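This report refers to the structure that appears directly beneath it.
Note that the chains are named A, B, C and D in the order they appear, and that numbering of residues resets to 1 at the start of each chain.
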Amino acid sequence: MLDDIDSTSGKTFTYVIQSLIVLSLVTFSIDTLPDLSPQTREILSLIEMITVGIFTIEYILRLAVAEKRSEFVFSFYGIVDLLAILPFYIASGLDLRAIRIFRLLRLLRILKLVKYNAAISRFRRALGIAKEELLLFGMVAGILLFLSAVGIYYFENEVQPEHFKSVFHSMWWAVTTLTTVGYGDMYPITAGGRIFTFFVLMIGLGIVAVPTGLVASALSQVRDEDTRAQQT
Amino acid sequence: MLDDIDSTSGKTFTYVIQSLIVLSLVTFSIDTLPDLSPQTREILSLIEMITVGIFTIEYILRLAVAEKRSEFVFSFYGIVDLLAILPFYIASGLDLRAIRIFRLLRLLRILKLVKYNAAISRFRRALGIAKEELLLFGMVAGILLFLSAVGIYYFENEVQPEHFKSVFHSMWWAVTTLTTVGYGDMYPITAGGRIFTFFVLMIGLGIVAVPTGLVASALSQVRDEDTRAQQT
Amino acid sequence: MLDDIDSTSGKTFTYVIQSLIVLSLVTFSIDTLPDLSPQTREILSLIEMITVGIFTIEYILRLAVAEKRSEFVFSFYGIVDLLAILPFYIASGLDLRAIRIFRLLRLLRILKLVKYNAAISRFRRALGIAKEELLLFGMVAGILLFLSAVGIYYFENEVQPEHFKSVFHSMWWAVTTLTTVGYGDMYPITAGGRIFTFFVLMIGLGIVAVPTGLVASALSQVRDEDTRAQQT
Amino acid sequence: MLDDIDSTSGKTFTYVIQSLIVLSLVTFSIDTLPDLSPQTREILSLIEMITVGIFTIEYILRLAVAEKRSEFVFSFYGIVDLLAILPFYIASGLDLRAIRIFRLLRLLRILKLVKYNAAISRFRRALGIAKEELLLFGMVAGILLFLSAVGIYYFENEVQPEHFKSVFHSMWWAVTTLTTVGYGDMYPITAGGRIFTFFVLMIGLGIVAVPTGLVASALSQVRDEDTRAQQT
């Protein structure tokens, strides 16, 4: 019944659990806000206790109905479910900071939200079609990032040693520039560095953007095939 | 006659009304400029009165020619038209600030500008084709935004507590980074945060950009089908 | 002979003229540099005189060989050629600033560089195919820019009146944000403004980016048709 | 055996060499870090010596097994291999700075990492298909960059002479704006400059982004052809 998405009770159960996951994520986020009043903190830890309680009941239920218990315990979602509730029982004696980090594991549960979607298999097939190209572009993008970092390091290091300290620091510049994020915390000021940036961008924009286009066209192709298969 | 786009008088009427909408939007914008001279303000309120007057006449005309009056009054554009003129009569006694906010409703009228376009139905069909993929990518993008915000919060909160105050504040960073806007008001400075950003961007750019490619290819497909249907 | 791109002398002539255009653009750019030495200025004005001289000879030659002189004089490139040389003779008595602005007209000559390219007709046909969609997206993008500007004005004006002074100032923010340029000179700081930006970006990115994908797929389609036409 | 990717020993050899290249790049990067302890420097130069030693042995081996020695020496990878090891022997007597720059040549070896990939030939064919369009868009993008730089120079030079010093400085603005990087080191502040930027971006975004879409669709087309050829 628990996973029977077609029955009414199964549906309700799934929706309740997923709402609780979202609720638990919201309280997790609120908890990070500085200057919370003690009352708010109390309400948050109350919601925390209730959601973890329900998640524990759900885990025990799933364990009870599972045909092969060990199989469920060591399945991906079995481990995720356990990791999502375990920190609460273990970490309650430790300091706050540590608990917070453990809580992060509960985020894995959100993966369940995307479990039952027909479009995922199509996406996987599209990735399969474009696999080789994606690998090639990934590799070339990596090489380009490194070469850009080395290049800009030689151009800018002498003039801005505080920003372009090393090739590693320049790598950060390369990442923010080639993805066109451009925070503005690091940018070339020498003529050479700027001309270098121009050429790197001309080549790099394509290398970063083409894979997106490839995935999109592979997805359309897969959808096309499915539509034709349904018609015949 | 009012909506008869094919007759000359109907066309003229539509163009006049649409020009008045644009004019009314321009005066609305000018009105927000600080340090306007009293004379300019007077001219603006004069234009305001005239446009609202014409819109009122248009509304009454439409009401008069409507086959079923109640149907028109409660239709989408009937409500929009009423909301566009009502604030002027109601709010004239209230303070300026309130009037301004009510005026915003008139913007809804601009939707009429796009009412008579053949390409819209094709766009809708394209959205229909790519619906499932768009939903999936939307969900994954949402999850990724949240995970990025939580991740960067753990990396940067200790070093920059004034910028990465909470998961909510980090969410703003995630939005500006994954859309590659990159204002530069918040950016990671720790090595861990920067490496995390690199991986988030590698995955995230595709997730934000692929839907665009999907819509574009779905649109081409729909246009293709239409062209073929016309040829046969 | 002047336009006979196939003959050797015609080719040489075309290349010489185009090199001179590029040279003239480079000197134009150098001329804008502050703190130039008087010697450099002299060399620049010498190159200026020589290039204008050659352009004048070219214009007279073209006029001489034209079958119908008046047709050439009033043709697009006839006017461009005249406007490119005329300012030099007229403006030499005026002040420097004015000359500079007139010189800008010479840039129009660079259009000749792209005159003889087969890919242009394909690009035009692709634009023709995607025309309706481009118009629709252009209109919607315009409306979205305006609505974004109005929205952010209401969210941010009170908190940052120096940045979000009016709807017109907010429009600049909308342009830099929806194109993902994100200079960082204006950005929302209120929670409402940031959530608003998130939703605007979600819708806006697609509206700005889809037309590009449309043109790209229309171009591939046109190229496809041409390839097939050549094969049969 | 050295290039025989199918045999086990050949595979191992290739992986060892490629790992050494990556290791050598990592040490190269670490070497640029400021404030390294003398011990770290010593370890780095030790690794340096070992890797160059192995690369030298590899070069001699390749030379020994080559059918035509002079052919290998003057082949692309023959020159790259020599350039990758030569600087170490020559430059050891010179100052540190010079050595570093020579070391950069070793980066060329990384090209070997992408040598054995089937997707490259498809990428080349895709570039061949889209060649004319890419050239056209490249040229138009170049012209647009120049015109944008000249335009913004006239709008902003008087108000911000320290930022928009000359057309060359404005070119940097044009590059960062049209690629949507937007560092925020230079941006228009006049109303004219902002409206100009708006129009430049409307045209420019497409011109910079369309080539990416073209390459992506050409790549899908090539992959399609290959899939069909395999099926028949």
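By our rule, a contact is a pair of C-beta atoms (placed from the backbone, for glycine too) under 8 Å apart; a residue touches a chain by one contact, two chains touch by 3 or more.
None of these values were measured; they are calculated from a predicted model.
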Set of chains whose contacts include both chain D and chain C: A, B
Superposition of chain B upon chain C: rotation angle, C-alpha, nearest 5 degrees: 90
Chain whose average C-alpha position is farthest from chain D's own: B
Same-residue or different-residue interface between chain A and chain D, half as cut-off: different
For chain A paired with chain B, centre-to-centre distance based on mean C-alpha positions, whole Å: 29
Inter-centroid spacing, chain D versus chain B (mean Cα positions, whole Å): 40
Residues of chain C engaged with two or more neighbouring chains: 168, 180-184, 209, 212-213, 216-217
Chain C - residues contacting chain B, complex: 129-130, 132-133, 135-136, 139-140, 143, 146-147, 149-150, 153-154, 157, 161, 165-168, 177, 180-184, 187, 191, 194, 197-198, 201, 205-206, 209-210, 212-214, 216-218, 221
Chain D - residues contacting chain A, complex: 25, 28-29, 32-34, 101, 104, 107, 110, 113-114, 117-120, 122-123, 168, 172, 175-176, 179-185, 208-209, 211-213, 215-217, 219-220, 223-224
In the complex with chain D, residue positions of chain B that touch it: 180, 182-184, 213, 216
